[in-house]
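Working notes for the structure below.
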Amino acid sequence: MGGKITCTLGEVKNRADFIVYWGGNPAECHPRHFTKYTLTQKGRFVPEGRKGRTMVLVDIRETPSAKAADVFLQVRPGADFEVATSLRAIIKGQPVDEKSVAETGLTVERLQDLADRMKRARFGVIFFGMGLSMTRGKHMNSAAILMLAAEMNAFTKFVCMPMRGHGNVTGSDMVLRWTTGYPFGINLSRGYPRFNPGEFSTVDLLVRGDNDAALILGADPGATMPQPGIDHLARIPTIVLDPKVTHTSRLARVHITTAVTGISAPGTAYRMDEIPLPLRPALQSPYPTDEEVIRRIHRAVAAKPAWFPAPAARMAIA
Amino acid sequence: MLRITGGKVHDPANGIDGVVRDVCIADGRIVARAEGGRTIDASGMVVLPGGVDIHTHVAGAALNFARGMTPENFRRAVPFLRTPERRAGLGGITPTTFATGYLYAGMGWTTVNEAAVPILSARHTHEELRDIPIVDKTTCVLMANNEIVLDLLEAGELERAKHVVAWLIWAAKAYGVKAVNPGGIVAWKWGRNANTLSAPVEGYSKVTPATIISSLAGIIDELRLPHPLHIHGNNLGVPGNVSTTIETMKVLEGRRAHLAHLQFHAYGGDDWGSMRSEAAALAEQFNARKDLTADAGAVLFGDALTITADGPWQHLLYQLTGRKWGNVDVENETGCGIVPYVYKGSSLVNAVQWAAGLELLLLVEDPWRIFLTTDHPNGGCFWRYPELIRLLMSADHRRECLKQLPAKALKRIVLPELDRQYTRSEIAIITSAGPARALGLPQKGHLGVGADADVALYDEGRDGGLEFAYPRYVIKGGEIVVEEGEIRAVSEGREFIVRPSFDEQIEEYLRPLFQKVYTMSFDNYPVEMERLARPDVQACG
Amino acid sequence: MQRGGVRIGDSFAEAFDMRASRAVITARSRSWALTAAQAMTGFATSVIGCKVEAGIEAELAPEGTPDGRPGVSVLMFGFDAEGLGKRLLERVGQTILTCPTTACFDGLPQGGERVAVGGLLRHFGDRYQSSKRLDGRRYWRIPVMEGEFLVEESFGVQKAIGGGNFLILAEDQDAALGAAEAAAGVMRGIGGVVLPFPGGIVRSGSKVGARNYKKMTASTNDAYCPTLRGRTGVTTALPEGVNSVLEIVVDGLDRGAIEKALRLGIEAACRPGVVEITAGNYGGKLGKHLFHLHALLSE
Amino acid sequence: MITLTLREQPPVPLEAEALSPDVMAALAHDAIRALPVYLGKRQQRVDDLFEVAGEASDELEIRGDAAKVKWIGRGMTRGRISIVGNAGMHLGAYMKGGTIEVSGNVSDWLGAEMSGGFIRVRGNAGGQVGAAYRGSLSGMQDGTILIGGSAGLEVGMRMKRGTIVVGGLARDFAGLQMKGGTIVLRGGAELRTGAWMVRGTIVSLTPIRLLPTFSYASTYNPTFLRLYARHLGTLGFAIPHEDREGAYRRYTGDSAVPGKGEILVWKPAGA
């Protein structure tokens, strides 16, 4: 029923003898992943390095990462959920329908072979990328991988880890969790945090046009958002904080140039495995940091007549 | 300047037991007398030193992982609406940081010990602690599965191990050391466990859980940390584990140690069907060991969330509940498992657990050595402590609750025969004076001159035993933070840390090792002092 | 009192408190529903020897059944809910579960007490069974070779009355049987009652205990046996000219239904060749419910 | 009867859990007008946005385009709400009893985690009909949801009991992680129907694509379906069930769980 079985990257480096990349192209998107953590690294319990590890790539096309892989499974676009779900059945010795497996571009034999290899592993890991979470099925595709990894622990040690996009996505996720209890898709309009992806998540909010202002920090939705969302951003007062002019700044009312965090501004960045790294600025910047700007905006807002929710704003707990 | 007058003062550390006298406060501390300033008329109230929680999980990577896993708990949680004093937040099973401060203070607790910090993510833990207002904090770092330390023990290099441990404590900016399932997590990283104290740990030939426990306890004593080794023993939660617990106590012979959440280590029987409470036998052994302290880790019926560095136990629990399961293994150091759980009065196993916690609290004779905890959020939430206090203070209330248990359970426990009722002063000991002493915080847990002015005022005999649920006033560091039961002012808490002495050269030993086994650069590993909110370095020895 | 030239004895039928359940049996065809119902109500003439009394109450048109198939409603009578539950379980298990295309539903959803039927029969499904809940009622689907057997989780039980009766005293066997058949015919059409005996007719009326065999709890009703007229020790209850007697026994869900059945039955039985119609009783000492024939007929 | 007429569609979502018979049944006209609703973060009065007529009644009628009005009938236990027009998210969420009728379309989370009552939508519904909220162990516990038109993603996600009928096409993941109850898809569904289902029944009257983890069992007309046919027939939804019309192909799964759920796909005679 959900959950997540994972570890820090050092565990992969030191122990993993079986590595699956699913719906990602690390060779191009996370080039240092192979060398630093997973494949070629000599690990404490994998002294031979690359020779001591088996790599499997599951993807819809033969990317450069395929060359690095010992096994490449090419899945038809949009069939990841079917494949992962079939694997969940196969590792438990449950039946799957040959014909519909064939529709995924793979065969029961190949899946059985993968399942056997996974069970033979001492320490297995699955990295799954945007290719999964951004295609049809979205969070359920990720959920399928998470379940598969969790259930593999009935046979051997297995973990999994999402390959997040660029920027400090994990960082915002972490801070929101300890301050509001929820990782994203949060609404504070009733005076306390509420969570509902699909209702409160940014893209859905903008596409439905549910908000009447926007403050954009460390992101460029103007480049990635569906058109209706972009149109809405242009319609409402939008403020962008960014070191450079982005697609979003072009349609925003206000763009504030800020120092580049990590280069000319200090802070903390979280790795994909939720380990915090201190950022030590190497350069001076003429621009204020994001934090300074936000603090100043906050001070200005605080000077205005304050808004506080009435106790009645608390929804009865159902 | 503040004067609390007319209240019945319970200050067991100074031998004051319900005497009406003034408590005077100046500059955040208790003073002999205070001229001018505000006076609180405390007549009809009892006055206790602020509560000290010696074992809780309120911040850090694991807890934050759990938060992300359980939105359903937050939906059912009590919301904290934004007010001029308070920030928005959510209570519930794993409260958000701000809510955590409000809930502890709102109950009269003013110091908490976050009991499980991986060094690798200590920076994160401190970030969260900074956002827990009002209460002061200490932390324990996880060490009993640290492979660098274990390798040194394997090689018999105890002296170097000592310096490494000291360096690690300082690197994490921690206060104490916690040993969780010694050797078991190392084994779990291969999907196994460490069930026998005398058997070598998976991947080692000499090191056993026993050697880990005794060596670490020895090192902590040599480093003269204010708080002894904080131990979560092997075989937590498993029927028949009492033998492991008693063996652990033998291994600790001659050393100080604190045994965490003893209830989870007090079971007899061979399986879930035959499980029974062995609290009586355990308490008898424990009573004879003046060098040990323990906290109850009591269980309350209802929702909980098991979150522990004990990975294998969590996998078992996941298989038993078939619900959610989270697990994070931390390179070279530890791991952590998370499984939401509901304790049901109708369940034989849960009933035995519920009774075992109370039995320990009632059968351990010296209140200065057993403390009130639920191993929050494992056995129940910290904000339910008042329910626990009521159970300890009223044998009649316990009998009422016993009626709800399955008849079968009554044969597996001794609780029905126990008539002991805690006095208010004894409550003050197990919730404040005792844990403060065990943590080695001389400025906490009492109202003597020079102590931190952390004081809780409760209406005497308020609604049916729940008198400790709603303090009328809570004073933290001399500031009135709760007044008429409402959070009125929100102060920042301090963080107590220690700097045990170590040979600086140890870094030269660690640096190359680090590049080999870690994925973080050596220089990024230690937490910078400026990461901490109001750090307060305590002396060792 | 006279009816159609037949004397109505100034007597009363003595009946007893019982508990009843109603099973609605449906099947692919009317004939399979009937076959199942007949099997279920077989060997259920008297609680004394069969532990239960049962009969077919009515045939139901498709629109009158829960699943829209032809059906039959069956009434079963026992002394208490527990016993009745056991009998239901046995009979549904042995005669409905086994019978092609049938399904079995509770016909007394309002019944005060409830007894588990599908709730226990489901174990035949060996964990392959599954349940469905609709409109607050729960049904079990038990996989069988032919397909699926659908049976309701529990059946309602209500208070009922057993042992309503009357006796047809006739000149000869032909007249007695003709009158009894006519009576049973009309009574079968009445809702809320069943005639548990073969064809609805009893020829072996009984008395409590026995004169000569101490062990017998019931024995032949000598006072009404024409062949024993004049035998020493027998005080016959039969008027002159009566040479054959048949009894109609009726169990029903309530007093009203039994009264109606007795009235219509007696009226139908008043035919040439019938000398008198009277009723069997134990002097009112055993049963709670007395049906005075004169009162019945004068309504 | 109480009638609320929305003057104009609000610029941002309006949260209005006070729009429920449980809240209004005992209130006088002025009290109803003064009930709090939330326009974004601003607390407002019902009469700031609605024309209000009537008082103290179990019958509530809402008129106008309420597509951005959320939480109508939240946790209601009694009475009747009729919405002439559209309704926003969470309509009838946590509902325990009573009736909701909608003439237009509704948004996501219709009847989410409801435990009783009856909801009928003439138009289309959004996603997560009768579903569990994120993280919850189970969705609707009982009750009935009838949708005349189409439905969005994750219809009946983690539902435990009760009945959902979708007249038109349902999108992906209908019956996701279903634990019990019955979903009838008259217009079929897109992909991954019954994914990870543990128990329960999904009936599709049009052919659907099945996951590899469902296996064919047999073809028949289950007797229990006749009960549903009769029940839903009276509510205007016909379900075929006679041998002469055709029969259902029964698939069991999801073997990934492994689960003992069933998907019944109608196969007309001669097809």
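Order of writing sets the labels: A, B, C and D. Residues in every chain begin at 1.
As a convention for this text, a contact is a pair of C-beta atoms (placed from the backbone, for glycine too) under 8 Å apart; a residue touches a chain by one contact, two chains touch by 3 or more.
Here the structure is a predicted model, which is why all the values come from computation and not from measurement.
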Identify the chains in contact with chain B as well as chain C, in label order. D
Pair sharing more residue contacts (C-beta pairs) when C-D is set against A-D: A-D
Where the centre of all protein Cα atoms falls, which chain's Cα centre is nearest to that point? D
In whole angstrom, the CA-centroid distance of chain C from chain D equals 47
Whole-angstrom distance, CA centroid of chain A to CA centroid of chain D, is 32
Just how far, in Å, is the C-alpha centre of chain D from the one of chain B? 46
Distance-wise, how many Å sit between the C-alpha centres of chain A and chain C, to the nearest whole number? 73
Flagged in chain B as touching 2+ other chains are 69, 71, 75, 323
Sites on chain D at which at least two other chains make contact: 133-135, 137
Which two-chain combinations qualify as touching? A-B, A-D, B-D, C-D
Residues on chain D engaged by chain C in the complex (per definition of touch): 142, 161, 163, 182, 199, 201, 218, 220, 222-224, 226-231, 260, 262
Within their complex, state which residues of chain D touch chain A. 11-13, 15, 17, 36, 38, 40-41, 43, 68, 71, 74-75, 89, 93-94, 108-109, 113, 127-128, 133-135, 137, 172-173, 176-177, 191-192, 195-196, 209-216, 254-258
Touching residues on chain A, where the partner in the complex is chain D: 1-2, 81-82, 85-86, 88-89, 92, 94-97, 100-101, 103-104, 136-137, 140, 188-191, 195-199, 210-212, 307, 309-310, 312-313, 315-316, 318
Chain B residues touching chain A in their complex are 59, 61, 64-65, 67-69, 71, 74-84, 87-90, 92, 94-98, 120-121, 123-124, 127-128, 131, 147, 189-191, 203, 315, 318-319, 322-332, 335, 338, 516-520, 524, 528
Can you list the residues on chain C that touch chain D in the complex? 66-69, 103, 128, 130, 132-135, 139, 141, 147-148, 150
